[in-house]
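One chain, chain A, appears in both complexes that follow, with chain B as partner in the first and chain C in the second.
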Partner chain A sequence: MNSSAPMPESYYRLLEKIQAVDFVLVDLTLYLDTHPNDFETIKQFNQLAYESKQLKASFEEQFGPLLQYGGSFSQYPWDWKQAPWPWQV
Partner chain B sequence: MHTSYKCYHPYISPFDPCKPIQTKCYSTPPNLYMTFQPTNLRQYDTPYQALCHGTLWPDLFDPYPNVRKEGTS
Partner chain C sequence: MWYYEKKLQYPVKVSQCNPMLAKYLIEQYGGADGELSAALRYLNQRYTIPDKVVGLLNDIGTEEFAHLEMIATMIYKLTKDATPEQLKAAGLGAHFVNHDHALYYHNAAGSPWTATYIQAKGDPIADLYEDVAAEEKARATYQWIIDISDDPYINDSLKFLREREIVHSQRFKEAIEILKEERDRQKIF
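Take a look at the complex of A and B:
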């Protein structure tokens, strides 16, 4: 993939969805720290965690790894150093 | 419903060399008025809405207005 070409629109939409879901997971984590027996919220947390994993999997399929050291699968060839880096997004 | 900020008027001395500050305001977000968060609070409909508001629960949302009235600091 030509590294200097701008990313397609779907890149940003998918990244935004991941950002939103992960934000909700942060809020739920903080809430569950003080409400450990809230079963409904735990169910919601697990649903969102599953959704977050799915979103990240589909993102990584198209645009390469999000994490390193085994956090993500690698494409061929080894391309984790390819732009855009987080601050270039 | 609680206001998201409150203001007061400091005493202004007749010998105050600087331009007096008539009004001073401070932020009072909703979490001040909610001791322990109840369960099953209403949530925003979509994660994106929650992200834009900065919280998952509308009852805890605060716009944190930038109160710049004349004479405030």
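Take a look at the complex of A and C:
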């Protein structure tokens, strides 16, 4: 319920970049769960984990925290609970 | 424990209000081979599965909750602006009188979700073969929904989910091979 103001185009562009990198991280996680000795893939995983953190830092500066429970810092006032939620955009 | 991340795993867009399509998508929300069943099945089995494959069940189970959220987003967006008349015309009249526009864990035909949809046998091979079958059934369901849907945005997201079922199935098959290798190694003296 409730609709908030529409998000700017840059929100979607940056979010999609994060989704793309994080998708590879999910897929590599499952792959490494059954191929734990694949050195090259672990290097790729760590490189993408770094890229993901960079992208999220930049996203959070503009659009607020992505992770709950201290995974992200908060502005004043408390901004974690602010809409939009993922199903609203 | 889990951390929620304020994003969908993959974007979900809809072309227009379409409660009929939402009704079909509910199959993957609270149906036998849906995402809730998948998440609860794997995360419950992981406690008694050999250490070598706990990680896989843990991680696929977690990804299933992200898929559940994508399906919920589709249903929510397809129905949020629907009038009671439109819901009734789409076959969601019975849903409306009980839940208004709220989502609920039942299948496309309205049967509530039940734990009898999932199994935990305590036998790792039996559990993993069930998991492979579950992924293949979910893949088939996504295909049938894509076949019946004419919303290109929804179909794009559904194709992503269909591909994930294939990857999960493949990983579960690898897990079975890992356990079989281990078992065979123990027989050599």
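The definition used in the following text is that the second predicted complex is superposed on the first by the 85 of 89 C-alpha atoms of A that agree within 3 Å, B and C clash if a C-alpha of one lies under 4 Å from a C-alpha of the other, contacts with A are read in each partner's own complex, and residues count from 1 in each chain.
FYI, a contact is a pair of C-beta atoms (placed from the backbone, for glycine too) under 8 Å apart; a residue touches a chain by one contact, two chains touch by 3 or more.
Here the structure is a predicted model, which means the values were calculated and not measured.
S.K.: Looking at A:W87 after the superposition, I want to know if it touches chain B, chain C, both of them or none. Which is it: first, second, both, neither?
M.R.: second
S.K.: Scan A:S74 for contacts with chain B and chain C and give back first, second, both or neither.
M.R.: In the superposition, A:S74 touches no partner, neither chain B nor chain C.
S.K.: Answer with first, second, both or neither: which of chain B and chain C does A:T34 touch in the superposed model?
M.R.: both
S.K.: Which partner, chain B or chain C, is in contact with more residues of chain A?
M.R.: C
S.K.: Let me test your reading of the model: by the given contact rule, A:E16 touches which partner, first (chain B), second (chain C), both or neither?
M.R.: Both: A:E16 reaches chain B and chain C.
S.K.: For A:V24, select first, second, both or neither according to whether it touches chain B, chain C, the two together, or no partner.
M.R.: Touch status of A:V24: first partner only.
S.K.: Determine, under the contact definition given at the top, whether A:P65 touches first (chain B), second (chain C), both, or neither.
M.R.: The answer is second: A:P65 touches chain C but not chain B.
S.K.: Which parts of chain A are in contact with chain B and also with chain C?
M.R.: 16, 19, 23, 27, 31, 34-35
S.K.: Report the residues of chain A in contact with chain B in the complex, numbered from low to high.
M.R.: 16-17, 19-21, 23-24, 27-28, 31, 34-35, 38, 40-41, 48
S.K.: What does chain A use to touch chain C in their complex?
M.R.: So the residues of chain A in touch with chain C come to 1, 12, 15-16, 18-19, 22-23, 26-27, 29-31, 33-35, 64-69, 71, 85-87.
S.K.: What does chain B use to touch chain A in their complex?
M.R.: My answer: residues 36-37, 39-40, 46-48, 50-51, 55-56.
S.K.: Of all residues in chain C, which touch chain A in the complex?
M.R.: On the chain C side, the touching residues are 3-12, 53, 55-56, 59-60, 63, 69, 72-73, 76-77, 80, 167-168, 171, 174-175, 178.
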